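Below: one structure, written as structure tokens.
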Amino acid sequence: MALVEVEDLNVWMAADGRSVHAVKDANLTLEAGGQHAIVGESGSGKSTVLLALMGLLPPNATVSGKVFVDGVDVLRGSEAALAALRWRTASMVFQSSSNPFNPVRTVRSQIVAALRLHGRGKAEAERRARDLFDMVRLPSECLGYYQHQLSGGMRQRAAIALALACQPKLLLADEPTTALDPIVQAEIIGLILSLRRELDLALILVSHDLALVGHLEGSLSVMLRGETVEQGPVREVMAAPRHEHLRSLIAALPDFALASASSEVPA
Amino acid sequence: MSTRTSYLAGKVRVAAFGVFATLTLNFFLFRVLPGDAVSSMARVPDGSVELKEALMRQFGLDKSLWGQYLDYLAQLAQGNMGVSYASLRPVTGEVLAALGNTVPMTLLGIALAILVGTTTGVVAAWRHDTLVDSIISNVATVIYSAPTQWIAIMLILAMAQYLPVSGASDPFAFAADAWSVAIDRLKHMILPSLTLALATFGQYTLVTRSAVLATLGDDHVAAAKAIGFPVRRILTGYALPNALIPIVTLGALSAGTVVGGSVVVETVFSWPGIGRAMYDSIIQRDFPMLQGALLVVTVAVILINLAADIVNMKLDPRIVE
Amino acid sequence: MSPVEPTALGGLDASNAPAWNPGRALGPKLVVAIVVLASFALVALVGRFLNLDPGAIDVAHIFQPPSMEHWLGTDDAGRDIFMQLIIGAWPSLVVGLSAAAVAVLIGGTVGILAGYSRGWLDLVLLRVMDYFIVVPALPFAMVITAVWGPGLGHMILVIAILLWSTTARVVRAQVKSGRERLYVIRARMLGASHLHVLLRHILPQALPLIGTTGSLAVALAILTQAALEFFGLAGTAVLSWGSMIRFAFQRDAMLNGAWWMVAPPGICICIVITACYWLAQCLETALNPRLRTTDLRVRSFRVLAVSRGER
């Protein structure tokens, strides 16, 4: 069985008395160590798919289909299995505008808490927190900072450190670089990609920016209003778009974007 | 972190100004009130001119207003708040004694209110928009809407056979062993504290509920769920600490009741506390006593508010920025 | 995310997005609140304009429990309690309403002034507000009433003096944030006068907030009035719910176990104030944007059975 198996996933969201079909018949298979990107605009349902993978959908969501991560039935399995899955098997990096750390505690305390929740001892957790910050190239004194004292880019690095704390097999990144400025964007994406290779993680990257994902390894799916309109290996999909939407997205890319994208992004 | 110290300095400055303003306003408040101080004090409305003049000299009322003000400040610095017109005993002693009676009772009541209020508030927020939430929120609102004196009287009607309903201790108890005296005092404290708790907990429930509800929408709570923390851990470790500030602020407001006593509760239960002392001194036109009591209480509240600000600063490092 | 301040009602102070959405306010709570308040208003008017009489002093029937003849029993002088309740409605409600109106008027004006001005005026007004919040309310009110003397008018003013600072605080915060809004700055740059900005931009945003604090003020006013009446500071001439409680206390209703003297006025006050709170809570839900919350359960979404999901 593959690491991630999503079959006929449908999500309906109820809001203000109406029901929105947020995700229509999504399918995805990802092997361990593989990489997949989902591209779409706001409202296309791409973030919803990510939430579904970790079982984090809100109470106004209705779900059908199958979602299996590392053999665990996310939708219908036991709650204990789902809770155990979180952060140990699959973890998430949220949008760069979000503030995932407890505002009144230091960044270190959250990372250590996550580690201790999942079985590490106190001393070991502290050591690992420092190692993690080295991994994301943050000075270790930042561990003692509060979230609001970190810049956007630094906060994302810390969030990546937090996500990798328990050595997950799968990393979900939901628009990790939106709202950051371009140089920092490149750094963060570069960091995620190089860490993925280094730690042999599976990665699912969600973005609205085709230029960002259009050159990556692995597979790509394009979502439009809940529907998956393109899916396949990145090169194939980009070379031969079947749907009007992707064609116009590619056409809208500045010429230099795709050309330079093939070179290594600095980590 | 010099922003911290400058923030703190600012708060201290405001508090100091508040204390000074209270001192001054307090002084002038009673100097400009009608009701001849000398007559009330002398209790001799038709006293001879010599007697009145002698009294005025004795109490320094013959000096100019500014002179009296300086005297007042000087005496305050020595801890002298004058002499009560009614009991002819030093005000400072009277006020301290009254405070000693009030604070244990009000502290117990408010502590109970905070405990019950915050717990029910957290539960209501966690189970928001369910039956549990409706019950908790509405019961809290209804009880909070009841006048304190009414709660007190209803409690007396219900419990008069089981618990003492008057005074802080049994005036006829001559068995002087400390244990039974303590028990006796505690028994007397039950109904007044309970009244205070019932009358006050509602606002804690509602404020805690909304504060926790607000934090439940924060990113870090969603992240905590994603990390796999169990419900209780998220509530106590992530939601509640972020919701504490409004609760602490509310607590500071309650400080006014803790220190100033509840005039209503103390009157209904004949509790010899500072609230009732203030009331009595108004009725008896006992200006020094009223002045002293009001001053002590107001200054204490200002200081408690300052302490609350400091606590808030520790609770949320973002406040200083 | 900056800490959100709850209001005294247990609502949330969302000064950043005051979108007025009346649809959210509708519901059983609002209906009940309005019906209750309207009914009591009706009763109050009946009590005020119909010359009702609680009956002459009837020494033979003092402290009678509720019966067919006297629905709520009699007091220490044999007078009918139910009748007193109706007569007492008017003073109990009109003071609360007027005091709240005055408090909101003063508080709203001061709040707008303080919030809109930038310099020393704001600072001074803030200090004044702080003083009124710090002073122990009831003793302060007692002092003033003792000096001014009894009477409904004086009580209205005293209560208003106590309450205005809370409204002022809230309005000030709202106006302060509203002033920094982009459209206000643009309007000023285009040459709009301060008055114009105040009337067309700031005021409409402050008004809904004034509505909620106003309802809260009514509740607090009625409670304060009951407390002042309990101490006899309203004068003996007025018969109101608060003074009924006072008489019950003074005339040993407790010793005689006459709960029917105490319970009804208190319950009436309780009901009216709860209705005020509910009204304010509904107004507040209409004011505030829907805030998202995270459901903390491990799995909080609905899952359809496999057979229905398959195509």
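Think of it as A, B and C in the order they're written, each chain with its own count starting at 1.
In this text, a contact is a pair of C-beta atoms (placed from the backbone, for glycine too) under 8 Å apart; a residue touches a chain by one contact, two chains touch by 3 or more.
These figures come from a predicted structure and were not determined experimentally.
Shown here, the protein chains touch in all possible pairs.
Of the two chain pairs considered here, A-B and A-C, the higher C-beta contact count falls to A-B. Chain B and chain C have Cα centroids separated by 22 Å. Remark: chain A and chain B have CA centroids separated by 52 Å (rounded to whole angstrom). Computed from the mean C-alpha positions, the centre of chain A lies at a distance of 49 Å from the centre of chain C.
The set of chain A residues that touch two or more partner chains comprises 83, 99, 103.
Looking at chain C, residues 1, 292, 294 sit in touch with two or more other chains.
With touch defined as above, residues shared between interfaces to two or more other chains in chain B number as follows: 218-219, 222, 225, 242, 316, 318. Those residues of chain A that touch chain C in the shared complex are 8, 10, 55, 57-59, 61-66, 75-76, 79, 82-83, 99, 103. Listed in rising order, the residues of chain C touching chain A in the complex are 1, 292, 294-295, 298-304, 306, 308-311.
If you check the complex, the residues on chain B that touch chain A are 218-220, 222-230, 233, 237-238, 241-242, 315-318, 321. Within the complex, the chain B residues that touch chain C are 14, 17-18, 21-22, 25, 29, 33-35, 126, 128, 137, 141-142, 144-151, 153-154, 156-157, 160, 203, 205-207, 209-211, 213-214, 216-219, 221-222, 225, 231, 234-235, 242, 245-246, 253, 256, 260, 263-264, 267-268, 275, 278-279, 282-283, 290, 293-294, 297-298, 301-302, 305, 316, 318. Chain contact summary for the complex, chain A toward chain B: residues 54, 56, 83-84, 86-88, 91-92, 94, 98-105, 113-114, 117-118, 146, 148, 162.
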